[in-house]
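Two complexes are shown next, each including chain A; its partner changes from chain B in the first to chain C in the second.
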Partner chain A sequence: MAAPFQRCACRIVFRSRISREQRDARSLSSSGIAGNKSETAPTEEKGSEEVPLVIPRKKKWDKLAVLKALSTTVKRDPTSVDYNFIDDPYLIPRTTMQYKWFSLAKESGQKAAEFFINKNPQFFQQEFAEPSIEAFLPKTSTFLIEEPCEEALQERLSRKALKAATDMYFQIVDGGGTVSQDMTADLLDLLCFHGSRDPGQEASLLSPEEQEEDAEPSRRRSNVKGRMRRANEPAVRRWRDGDDADRLFNSLAEPSARNYCSLIKGLAKYEAADQAFRTYNDMQQKGLRADVSTYNALIYSVKEVRDRYEERWDLIQQLLNQLRLEQIRPDLQTFNATLRSLRFCGLTGRRSCLDVLREMVHLGIEPSLASYTHILSIFNPSNTPPSDILYQIMDEIERKEFTIQDQDDNRFFVDAMNMCLRMNDVELAYRLHKLQETGENWRLLGDSYARSVYYGKFLNLICQMEGGEEMWKWYKNLVPSVYYPNVPAILNILRALEVSNMHHKVTDLWEDIRSLQHFNKQELVEGVLEFMAREKQAPEVQQLFMPVVQNIKDNIEFYYKAAAPARRATLSWSSTSLSNLLILYLRAGELKKASEMLPLFKEHTKTPRAEAMEEYLAVCVEAKDKVKAKAGLSVAVHCGLPKIVEYAENLKSSMTEIEQSEIDAILKEEISVGAEEMKTNQ
Partner chain B sequence: MAWSNEPGHAPGALRQKIVQQNKPSFFPFTQDPGNQRGPQRGRRRRDDGIVNPSRRPMVPRTAKMAEDQDWPSVWPTAATFKPSAVPLPVRMGFPLNRGVQPDKFGNNELRKIPNFLHLTPVAVKRHCKVLKQFCTDWPAALETDEACEEHFPLEVITTDYVLSGPSLRHPDARIVTLKLKLSRLQLDEHARKKILKLVGDRYDKESDILTITADRCPHRRQNYDYTRYLLTVLYLEAWKTEPWEAGITPEDRDEFLWEGSPSEHNILSTMRAIQQADKGGSDTPEEDIVQNSDVQLYKQAVVNQKNHGESSEHVQGYKDSVKRLLGLN
Partner chain C sequence: MAAPLAKIPSCAEFLRVLTSPRIPSRFLHVTSACHKAQAAKYKISKDGNKPLTYEMANPPHFIGVRKSWNSWHTSNLWEQPGAADRTFEDMFIRKFLQGTFHNCLADEIIVKRRHNTIFIALLLLRKLDPQKYYFLLGYTETLLSHFLKCPVKVEVSVVPRKVVYKYI
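On to the complex of A and B.
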């Protein structure tokens, strides 16, 4: 009992004083707490002090207000990662893949624990939490009330055990009992909402027989462009005739308007739009009136039932007119659904979009981010040059704070950033990013995939449009805290660095490349070497390159020596990378290391670039190093560089230490060896 | 910074150096791994072979921190020490083998102690600034402590415990203490004496404060109500005079009372005898004798000696007063 309390982190002592004048202190005044003054005048004071005592009213605020206020003092930390990872060099994800693995690992651990708790509830009866946390307790599969009655149904409904509830319902009805209309409607609501299956059910955690039962092919949802479902999108079950919801609805003798509405919404949600419209027609014929959310669902699924643009728009207009006839006030979702359907109406949609917006303003409904997303995509089909509608939208929504109101709200930032990139307008991108940072707007950025797309496009735009310093500032801020750049993105960054002549940043960039696990990407490694070797830098910058160069060399050698062929193929020497390494060593004044590179050309049968070889020989001449010069010439001759004779002449004239005959010997020997090889090959 | 592919970890670069210095020993097998530095003990290291570059741990994020970074954002709340997030060369623990104290990486000692990295002056200032909106102005009339005591004579002390455990409750949070200056209650001599009898050691004579603590009920509110009830009952009980209180004798009293005591009687008769000897008549009324300053002095000395115990000052005072009374000095 005492153990948990030893971990007391803080002890707060309150010393409150109670006034003798306080109203609720009646018992005390009767018991005669007496000051020096009479008790009748609460604000009266001693003669010397004239200040009246006024006790301010207690302020009231909601439970989270203090925490929210405290959290406003904290900004984003550009060196840390998402809060749900453990802040340790070994456990911070370094790549997009690791991000996914680590989050999924945590999630699956929780799932596993939950599964074991539910499997063995007898071991988890002890309640440590006070007040007790319902979600942590084992979920029992038995119910308190077993005999068929309304209370039993109520119990199953409140625990969202839909299968059990449906069974109970039919048990009651078959037994000749009646279920009240409200409860039937509640049950139908739940069934339609969850698509006739128990919520929170994970297929993998079911027992084998349950899985078999559940193994109907869950159709993968394809979106507008016909692409496959992304891994992070949930697989959507389709509506099936004969499901519990369908069965329940058909068993009703006289379905009410609410029952019809639930069914239509369920049908629309589970991709049975035709059936939804048929049900709606039935409902109209019976003279029942649908509610606004039902109309929203119908408008949302218009594109499923009509193919031609005009027909779609006509149907939407019919539905909207019906709303007006029935004097139902449309809400934000109505307009968002309309706009979303207009996305799939081509030019018709473009023409009608502004009318819809005007109506929205007329009714005084504030558009949410989803509305702007739809407008953006209506005005910017992917195959036309971008329009400037985003400027108007940004003028409208700048500095506003949004909360999520629609399921498409979190697509705005990604779409808008995409537009910025298409228009190549970095100022607009900054404005958009500022909006994203305002208040709680970052919550609407979407999932990790959408986030990485957003930041990737943002950084790409900055690389293209901004100077190196500015770009580097943003890079430091975003990588790797919120964004893991891929190889093309890093090549973009390299290009930006090169343009603004910021070669000294390459050490930091290489450090990041290493931690992003991109150090073994051939394209990138060659890009980095090319970046460093293209122009001669100041000597101190050349020295700065050395650790990077050495590390690249070590890495390539590691992969060359690796046992597995697949791993050997990851990273290998190429002519350009070898030449660049040679040049880099020479420029850093490391002639010895440079000469050690020479045998590699022969070993890997690569040809050095002419400039690299010239530079090498020039350095050798300068250093008066006879042996190394000869080795260089020998490699040049071996690889058959076109200007060998010129090199030899140069050496002869500028290096007196070498005997001319030695040079001739090298030339002859190599040429004869080459000729022999040619012969054998033939 | 050098990145070679030799085995090792960037975080513990310093530690590695020390270990490697220990390495070239003539008797590698006699070297006791337990004799190394603290966190290093008993751990085996594979020093041979090239390490796969993709297996290297990330450089701790302290390396990327800017000098002017916003520290409260890095360490916003109370948390266990994380070496990769604290850009300070902290060392802690027992230095083994005449070495230095272990550094922060893999150091369990640093994890055990509570740190206050989230409560830097900047952070506290910011917190105060945003929390101001929840506070009301302090009443101008309550500037001094005396004014507070004057207006709010009752003091209630409760304690809240903040735990990092699954339970929010703490058994000691129910205890309520009520404090009150006894002089603020309307009491006459009898009632005061009686209330002192009733409260016993809950009264502190030095500061004149009565303390009532209640912990018998399970909830704070109940305990609070109970303290109020106790105070009310004590007050009302103190003012009652029971019939048996009339039969009180000097022996029952806690303290010596001059009025009606044998000492008073004796001094009166002595004074009368002296006056009679001086003037031959004794018509001075009793009050005058008592009001006489010498007699008052004598009375004080007797009361002091009886009530506060015998001490050299009291005895000296008694001697002086007697001498004055008898005109001996």
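On to the complex of A and C.
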């Protein structure tokens, strides 16, 4: 029942440029209008307002205008690598792991050099550069001005040496001097922003005790949230009473509104939401007014202080009303924070989301990608069937260019692609991908992890929904320049190739598998063999398989020949892989190599598949090869296949070269061996 | 012939030392020594199997004809200052890189200056893991930038083994 209503309302809300009267008229009519796209062209409506067109006499161009114009003519090159790697075959990363290693290695080399430079500043002091470049001078821990005065504090602040600055501040104050209010506020701002800690301080360069001290709160945090911190997320330090910021704030005789605001923002940032709200109440009692970013921070941390959905929404409403009372104009961040908090309000959030959006339109604030991310997740909780909100969002934002405005902006593409996968809609995924390629939108794709998730889901969807040719085109486009597929992803690709009967691509795919270092994954190797062996192909395709087959066989044998520690946890023979190899050799007309496979069954005590054995014997009969047929029968008997007698009869009738007695001998011998084994086991 | 000189006692002593069997006979040269040693020209080996890169195969008089300079900057032009400084810096860069990428360099190091940036072209061998190369590259760029007070960029390509131009 609610669905058409939501659909209609959202449509109205997104059309932000439509005047209010028209919107009201539209909302009265049925939701059928919402589906009609051509009816509302925002630019036409804009034109009716008759803005006078002013042609400037001179246009001042941006310094980079020419470069920007040139760069719009270039598209992404699917054969190139990421810009921070060196385009050399040896130095290109080929797996996700290598991608991480290489970029971290370069960074760590730079860090090592910086460490050396800062440890030995005497070698880097010469100033022959004109003008002197500060970035190439060592960062010294000594300051120019030592005696306590405001200039000294200014120097420490400009170098963001927060510890030294705080010490200097207290020295001045204890010495009976005064510090101007602006400078105190600046210092408090910095302290609150960085959590009373010198920025750029590396965890690994701290002494062990300090590291322990730092690790403890982050562990606590991960327990609270119920999930482990991902490696690339920075460890967030919690607020602690008695920190420099706290000390400084308490020492102030009469904190100003700005001081209060910075403290509240710092508290909200470092996960002390309770304290932030308490400070806010203090502030209200003193009759000071907070600014909009403080309200944003408070709205952002509502879910920490209230547990029930209605209470959370009530608190948000209170804060928003307060904004209105104080006549502060909310900005994009206010709405994004509200929407983000609504994500954690269940059904209440779903109901109120539309009101928030309506208000947003009313104020003429264009939503950023983060707003859409939040809307998407409000309307699609993970345990319910997906709603069609993404279609409306896509209608709205297609062909638009975005810049980053909010910290959650870069989550949109991953979440939206996830939705496409849940809805199994490949057309929508193409539209989303097109949006990602528009302008500079690729910048909002997120870090390398988010990117690999995005492309992984995209390719997965294409594998499921598209034909082989189309899938292969996309595969070539994405792998390996932006996406390194993992084993399940490659198995998906194999499935798609099999459905559209494109077995000849396996040679290319195997090359990629080798360069992705997946050639020693048991599951994948068996998948590839199964893919090649399932159905009989044309002779030339069977011949194409041969290099791959040989390579797989060599790989597995390599692991058996290797010393014990190297063999562990990698490839081994299984019944299916041996049978598949046997079949593949037979179909390529390599009877000799196929017969070489036979002893392996006995050696590793594996059982060949009945079809494989039948095929082998049939080929032997065709080739009139008595010795190989006997060897095959012997293996069949040894492994105790159910239709041994049938095989023997077939051989007898079709091959006159084999004498009756020989076959009987094989049968008898093997059966007696089997019986003896049975006896010993008993 | 030594007789007139021997009249002066010190000379006689000197000659006695010179002619004594314990001193190498080539102690004193009247003419210039001829070792057949020449800079940047390689001797032909007996079996003709000494590998040379293109850089080594062309002696210095072919610079600007068949091969180009290893240092590119404008200080050597007419009335430009700083030639000595640039040479010294280039030598420093070369020594630094030879130590940092020890045993990994496949050819001479090319140093080019464009505007305020120094570009260093390296040809490396596959002797270290790629991530170690990335570490060393980041390290080199940062450290040299701080030494020379200008942006330094290293451009690298990797070859499996030294590229042999000919055997002599």
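Just so it is clear, the second predicted complex is superposed on the first by the 590 of 682 C-alpha atoms of A that agree within 3 Å, B and C clash if a C-alpha of one lies under 4 Å from a C-alpha of the other, contacts with A are read in each partner's own complex, and residues count from 1 in each chain.
We take it that a residue touches a chain if its C-beta (ideal position, glycine included) is under 8 Å from a C-beta of that chain, and two chains touch if they have at least 3 such contacts.
Only a predicted model underlies this, so the values are computations on that prediction, with no experimental measurement involved.
By the touch criterion stated above, A:102 is placed in contact with chain C alone, chain B being left untouched. Legend: residue contacts after superposition of the two complexes on their common chain; A:112 is shown touching chain C, with no touch to chain B.
In the superposed model, A:488 makes contact with neither chain B nor chain C. Of the two partner chains placed by the overlay, neither chain B nor chain C lies in contact with A:199.
If you count the residues of chain A touched by chain B and by chain C, you find the higher number for B. Looking at the shared chain after the overlay, A:539 reaches neither chain B nor chain C.
Touch criterion met: A:128 reaches chain B and chain C at once. Contact with both chain B and chain C is seen for A:88 once the two complexes are overlaid on the shared chain.
Looking at the shared chain after the overlay, A:551 reaches chain B, while chain C stays out of its contact range. Counting contacts as defined above, chain A residues 88-90, 128-129, 133 meet chain B in one complex and chain C in the other.
Those residues of chain B lying in contact with chain A across their complex are 1-5, 11, 50, 52-54, 56-61, 64-65, 69-70, 72-74, 76, 78, 82, 84-85, 114, 123, 126-127, 129-131, 133-137, 139-142, 147-171, 180, 184-186, 228-229, 231-232, 235-236. By the touch criterion given at the top, residues 86, 88-91, 93, 98, 101-103, 105-110, 112-114, 116-117, 123-124, 126-129, 133, 136-138 of chain A touch chain C in their complex.
By the touch rule above, chain A contacts chain B in their complex via residues 4-5, 7-21, 25, 27-28, 30-36, 45-46, 49, 51-59, 61, 65-66, 69-80, 87-90, 92, 94, 128-131, 133, 476, 507, 511, 514-515, 517, 519-520, 547-548, 550-551, 554-555, 558, 561. Listing the residues of chain C that touch chain A in their complex gives 126, 130-143, 145-147, 149-150, 156-158.
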